[in-house]
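Take a look at the following structure, please.
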Amino acid sequence: MSFRKHNEGGWGQTLVSGLVAVIYFAPVFWMILTAFKTRQDALAIPPKLIFTPTLENFRSVFVEVTSSGEVVSTGAWLYFANSAFIAGASVLLALIIGTLAAYAFSRYPLKGNDTYLFIILTTRMLPPIVVIIPIFLLFRITGLSGTYIGIILLYTSFNLPFSIWMMKSFFDDLDREVEDSARMDGSSDWAVFGRIVLPQVLAGLAATLVFALILTWNEFIFALLLTGPETRTVPVAIASTIGGSIGVDWGKLSAMITLFLIPVFIVTFALQNQLLRGVTFGTIRK
Amino acid sequence: RMAAPDWGPTRFMQDYANETYTAPSGNNVTLEIDFIPWANFFDRVNASLNSGEQKYQMIVSDSQWLGNFVEAGHFLKLNEYIEADPELQAIMQDVHPALVAGFSTYPHVPAEEIEAAGGYAPDISYYGFPQFPDAYFTYYRNDLFCDEAENAAFEEQYGAPLPCEPADWDDVTWEDWGNYGAFFTRTAGETLAGETLSEDVYGIAYQAGKPLDFSTMQINAFLWQWGGGIWDESNEPEAQVMGVVNSPENIEAFETYLSLLDYAPPIAQTGQMGIFEIQDLYMQGKIAAIIDWAALAAPVVDPATSSVADVTSFAMMPGHMRDGEIDRSANLGGQPFVLTSWNDETVTREALDVVKWWLSEETQIAAVKAGGQSGLQSVMNNPEYDSWSPWNEYFRRSLPWQKDLWHVPEMFEMLTQQQEEFDRAITGQISAEEALNNVAEFQDELLRDAGRLD
Amino acid sequence: MSELTLTKVSKQFGGFRAVEDIDLTVAPDEVLCLLGPSGCGKTTTLRMIAGLESVSHGSVAFGGRDLSALPAQDRNVAMAFQFYALYPDLTVEENLVFPLAAEGLDARERQARLDHVASVLQLGGVLQRRPHELSEGEKQRVAVGRCIIRRPNAFLFDEPLSRLDVALREDMRGSIRRILATLNRPTVIVTHDQLEAMTMGDRIAVMRDGGIEQVGTPQDVFDYPDNTFVAGFIGTPQMTLLDGTCLGADDGGIVIGTDHARWTVPHAHFHRRPCKGDRLTFGFRPRAASLEAGALGLDGCRLVLSEHMGAEKLLHFDWHGQAVRVLTQSRAPEVDALRRVGVDLRALHVFDGDGRRLSVKGIPQ
Amino acid sequence: MSELTLTKVSKQFGGFRAVEDIDLTVAPDEVLCLLGPSGCGKTTTLRMIAGLESVSHGSVAFGGRDLSALPAQDRNVAMAFQFYALYPDLTVEENLVFPLAAEGLDARERQARLDHVASVLQLGGVLQRRPHELSEGEKQRVAVGRCIIRRPNAFLFDEPLSRLDVALREDMRGSIRRILATLNRPTVIVTHDQLEAMTMGDRIAVMRDGGIEQVGTPQDVFDYPDNTFVAGFIGTPQMTLLDGTCLGADDGGIVIGTDHARWTVPHAHFHRRPCKGDRLTFGFRPRAASLEAGALGLDGCRLVLSEHMGAEKLLHFDWHGQAVRVLTQSRAPEVDALRRVGVDLRALHVFDGDGRRLSVKGIPQ
Amino acid sequence: MHLPAAFTARTSGRGILRWLNAPERRGPLLVAPAILTLLLVNILPLLWSFGLSFFNYRANRMATPRFDGLENYVDLLGDDRVWERFVTTGLIVTGSVGLQLVVGFGLAMLFARKFPLRRVLLMLVLTPMMLSFVSVGIFFKLFYDPTLGLLSWFVAMFTGEPFAIMATPAGAIWAIVIADAWMWSPFVMLLVLAGLVSVPDYLYEAAQVDRASHWRRFKTITFPYVKGLILLALLFRTIETFKTFELVYLITAGGPGTATETIAVYAYRLGFQNFRTSEASAMAYLILFIVIVLTSLYLYLVKQRNSEEV
């Protein structure tokens, strides 16, 4: 070929982008590398790229030695399980509730639609730190503090505005005649939604899911304040590696970051195509 | 149930309780600690208390928080229980008076009065017990300070030898400390103890960080040693701010503090030189001598985490020569634990049983052996005490010098503002005098508004 | 089956009246073609029949039962959408059988219907593909197929063949017509292709600006357009329309003409006579004009362009500033040549100043 | 200006050959229409000329200079895209003058060109609108305008009029044709509308499956299609094509026919004579057939459908299983009536078993 | 007896379902769960703190709060420290969001084309966004450390001097801006990329045929397509950056002095350290007000664009 289509680059492009990507990724790479280092290697300057890797840090995430020399679990697996459960449940809930609401906003506009949508967005605008006390109070009154339901509900409500805004723009972009057509073919409104509309916005759901998941997965402040020992999530555990008698426990911290990164990374990677397509689809007409 | 920061001393308490504690009452009592990351411990406790969550029966508090939560009504006043219980009285007598003053009293009562009262007096209000007491002192590299060539060079330059043995540090002043700093500050390429350096090495460091109370902790030591001081809450409302906080003594002390930062690692210029930063730098072999808390000593002598584990010795913190005597006044560290006010009688009794268990000599010795510290004089007076860890001696000897900063509820505002001003001075934006003037002005107004000043 | 009746149906979008007072009846065995320029309200009318759009006034009834208030899913009407509206995530086969779910057919019957539709519409080869893998023409056929697989109360097609090429279109036209003939349901087909309207419709309704201009059999509408709009809209190539005036009347009839020509048209030609001085429009189809003699002559037509259209040529003349078109099989003159264009009297349509037909219907073209 | 030459041009998409060994020459003053069914490679050919697609084999040359390796921006070719490709953020005016930037015109000349194009394409009223505010037809005209405002080496139009309604289309056809005539550049117009091809092209190239089936003047291609594909593709309504065999030869000529009819066709009718037993296809245009007498008769045609096409009717007959179409102005018989369809001998096209033309070109239709 | 019949139809379970299922109730029905959740968990607390902002409540005092009217707002607006924090926040928001847009846009341009290994490389660039603030904050603080940090080490390779970026107020602001921009540029990239990917090829082809320069192609084709998305990214990122708390707290703790103390950190200090609960609430509503103004501005712009299009 003597010339290329506009949207295709060759290995040259790979080289340039690769270079940029590697530079961009370097800090993350460093975090991951640190997970395999002893403390002295971790802080060594000039930085050590070649070192004897250790898995000790990963071990220390899950087991510890007590004062009496016993080896016991740190309970970290519980935090991981909690994170997965809480993030999973709240993202799903937000997606379901948000999708329904978004569909309604898109198809059955209420009076003052824009105002509702705007108010919904507004709830995301305050720094979390300043709404903590009232939320805490509310949780105390309702007895939700420290329960799974409580934190899941909270995260759900955090993800709702985003889900609604995002999904609405997807629904807005759908061809309504398709729905009309299904209606003509005798399907009930629910069937239309389930069989015709939802499959078309899968990409959007995927994109929303990824964004919401990333936010929820890493949420810290509310996890700190509103979870108890049984419902605590990983970000709180990560913070615990800071400020002990050894300041920042770099190795353990990195090990946790690394382990904690893997699930979102995998989800994002798996949904990457939809993510791009979804984002395109959802927002292009804005 | 108890809220506690997530770190060694509290983990120990949990483990040890699980192993050994059975309630004397026969009730089924377990100590269940909610471990919270240190950095966010205050936020969590604060939110819990102020929302009225009433979730915890005991709380590890910081000494400075007492006034705040006592006035808010969250912490239980212990006087009637102590009065009724000789065992508790004995404990209060055994606890070092500096700790009783810092950890337990509100309104604040100075250590001398506690000592005079023999630990317990009914007219003093008691709230807390030591969970983990702390004090700072010198960590130094004996491979440098005992190196013959370096010693010779130093002696030639300053006319005195380097303190090699811990005992040699007993009469080290801040002036000497500055000399060590200047002497050991080397850049890459120079030699140190016979080795050519590939990286810069710095002489000395102490905490000078903006986060939390870092710089205040060390600066207070200077102020007291120079004969100045902070606003004295125990003399409220007569005690003044103006002319006290920005007294000439204080200014001179603060200037000295600032001048010594010249020999510290460059992070000092950023106002981020906290206790962990100097610990890390020291463990990487980049500083000859530092001043840090007892709580941070263990990793420094652990070869797994420290490259200078084998060559580290501990010694007293330098002091200021005043009236022919070295003053080593310093700011108390560590945390008391308290009972909360909403517990019913049974819970309170059980909690006090836990207190008694924790502050029993046996438990405290175990805690110290596990790397912790104890506030009980009986433990510290144990002849073997000094040998349980290389720094115990210096903790024990430092303790009598400890004072504490304010406990009044306004202390947070005072502290934040003070940290900001100190930080400006540390990062070279303003002079020591300006900083102290700003602090004084602010405190004066604030305390007047709060009715604590006439 | 029962007939479909629209009574004074109007549709208001905000302040804009998209459809206005339409009356229409479609018999069970009848195909009505809605014809009209873009934006005239064809789709909106269809959607009101389907129940996808509420009627602002008037009523839609099947067999006398007013269904205006019924939602679409309860009307049992089949509709092929202008932009296909295929279910993007279903295969062609699934798309086709989708509407059968509501009819509750057994598997055999369903398969039979599918096979039939697929073969008629030549979709056999693409049954397993998804809509985005289809060419435009195939998509359109699926949309039609999804319609005719049903046995609804009425069929509605919105531009069902617009994306097909000529050969296929001719073919489909026949097939659909035949299927509809067997099903015996009132059918409305929207189109803006008049050839399609003429060949598929039992009757044609020509719409403009939300109203109906004329309803009638294709032949009727073609031969006797009610007004200049219909006259110009129906018929390819377009009818030639010339501005003129009524110059008076004499024994032989009414004299009409322009500055450059005057013709006498018998009184019998008019069902309503113009008065002297009235502005008129008269028109004739290009096929009815010739370069040979004719009762009415336009002298001095200058050839501007000659277009080959297969067996015939379309000659564009300029006649004193007005365009005159002639379709002829004979050889075209040189460009710029002057010719006399002759028009058969019987082929002459006369309209009044408002564009309403004056000539009688009886004159065969 | 110089001519455009394609020599053995092919395009391979992966394993699929979209265009195969095309040879074409377009003279500077010539308009060539590329005609063919959907997917036959018309757009691909155009894109190769424009330089938007590389040629897999062969060469594209202007005035003898091989430009195959040159990217589009260096070829100076104007192209109107099938889907308009208007710049969404520019107004119509900005869209129109966009290509002039590269020509470095002064403001006056630019304005003059703009005015001219806008008036020819009747875009004067929408110059300040943006593409999304235009109707499909307007968009298409802007796309064409962006092309003819330039003075490039060659013009390429991809379905330039497909979205216009009939009246406008007729009008535009003429306008574009006139402009092109003054500019004197080789022009290629892609279309699948044969009427457009016939009226706009000096020559027509009929494509199928990536190859060219026939090139010639519209009249030539219409009158003497080289093969059955071209015969069936060109001409509306479609030519009737019947399968038959060569039954032998006698003095009068060659006898051809089916089981149901036999006709003798003079030898002079063939430029290549079939042998006895050869399979043949013979065809005639519906307009050349009639229900009156004719040299060649098809007895027993059963009327299946009669379509009104304005002045004429298209009658669909079934003749022993083969479809026969007749276009007539006279009255249509009843459905199912049996009739004899007569065809004029001169209108008979004969093709061999492979579909290649056997009848001579000389016979006028 | 029509009335009772209707009554029973409504009260029986099925009747209620049917009643709920009516088309005109479909919209409210679908929105209800979302609104309820938000009302309960978000809006109630918001209102509570809004009410609080008119009192003189302090969480660490037992005294009953006194109604203060607008006093808190007046105090805050008259306080130089507050304005200083707003300026700081403005600097950080402008710097960070600006940098995010530039970097995000650049990255998107780089990844708009298809090339081998694109999927993998794209993931590398996306990762920063997936990290928690704690990890980013702690590690960037380490990177910035003049002695142990990679950045300083890297700079020192050229200058020979240890590099303390956080030693000056400007440097500290840069430190925050860089960390935040690094973390969130991928988000902007993703949105812009979405826009770029959706630019139809034929437009570029048309421009090629029209012999347009690269710059004109960018200006007339690329930019219009991503404009809307850039605005969207601007909206989301401005809202988020306005709330920046963790990064500042972890990296500089607001220092040196108060040079990097953002309005969110200040609100935290007010509410959580100084126990001026009501003032903090008032502060929160000032922030909310500003963000709402910014957002409305954005939505207004978008709407204008849309109405242009319709």
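Chains: A, B, C, D and E, in written order; residue numbering restarts at 1 for each.
Everything that follows uses one rule, which is that a contact is a pair of C-beta atoms (placed from the backbone, for glycine too) under 8 Å apart; a residue touches a chain by one contact, two chains touch by 3 or more.
Since this is a predicted model, take the numbers as computed values, not measurements.
Asks: Which chains contact both chain B and chain E?
Replies: Of all the chains present, those in contact with both chain B and chain E are A.
Asks: Which pairing of chains gives the most C-beta pairs in contact?
Replies: Per-pair contact counts point to A-E as the maximum.
Asks: Could you please state the distance in Å, as a whole number, between where the Cα atoms of chain A are centred and where those of chain D are centred?
Replies: One centre to the other, that is 57 Å.
Asks: At what distance in angstrom does the C-alpha mean of chain D lie from that of chain B?
Replies: 94
Asks: Where the CA atoms of chain C average out and where those of chain D average out, how many Å apart are those spots?
Replies: Comparing mean C-alpha positions, chain D is 25 Å from chain C.
Asks: Just give me the whole-number Å value for how far the CA centre of chain A lies from that of chain B.
Replies: Centre-to-centre distance between chain A and chain B: 40 Å.
Asks: Quick one: which residues in chain E touch 2 or more of the other chains?
Replies: 23, 59, 147-148, 205, 208, 225, 272, 277
Asks: What are the residue numbers in chain B that touch two or more other chains?
Replies: Correct list: 43, 47, 50, 277, 280, 284.
Asks: Scan chain D for residues touching two or more other chains and write them down.
Replies: 51, 71
Asks: Spell out the part of chain D that touches chain E in their complex, as residue ranges.
Replies: Touching chain E: residues 47, 50-52, 71-74, 76-79, 81, 83, 85-90, 98-99, 101-102, 130, 132-133, 146 of chain D.
Asks: Report the residues of chain B in contact with chain A in the complex, numbered from low to high.
Replies: 5-8, 11-12, 15-16, 19, 32, 34-40, 43-44, 47-48, 50-53, 55, 199, 275-277, 279-280, 283-284, 295-296, 298-299, 304-307, 366, 370-371
Asks: Under the definition above, what is the set of chain E residues touching chain D in their complex?
Replies: The touching residues are 200, 202-203, 205-212, 216, 220-221, 223-225, 308-309.
Asks: State the interface residues of chain B toward chain E in the complex, per the touch definition above.
Replies: So the residues of chain B in touch with chain E come to 42-43, 46-47, 50, 68-69, 71-73, 200, 202, 209-211, 265-267, 269-272, 277, 280-281, 284, 286, 409, 412-413, 416, 420-421, 423-424, 426-427, 429.
Asks: How about chain D: which of its residues touch chain C in the complex?
Replies: Counting only chain D, the residues touching chain C are 37-39, 135, 137, 165-167, 170, 173-174, 177-178, 192-195, 198-199, 218-219, 222, 232-238, 285, 287-288, 305, 307-311, 314, 316, 365.
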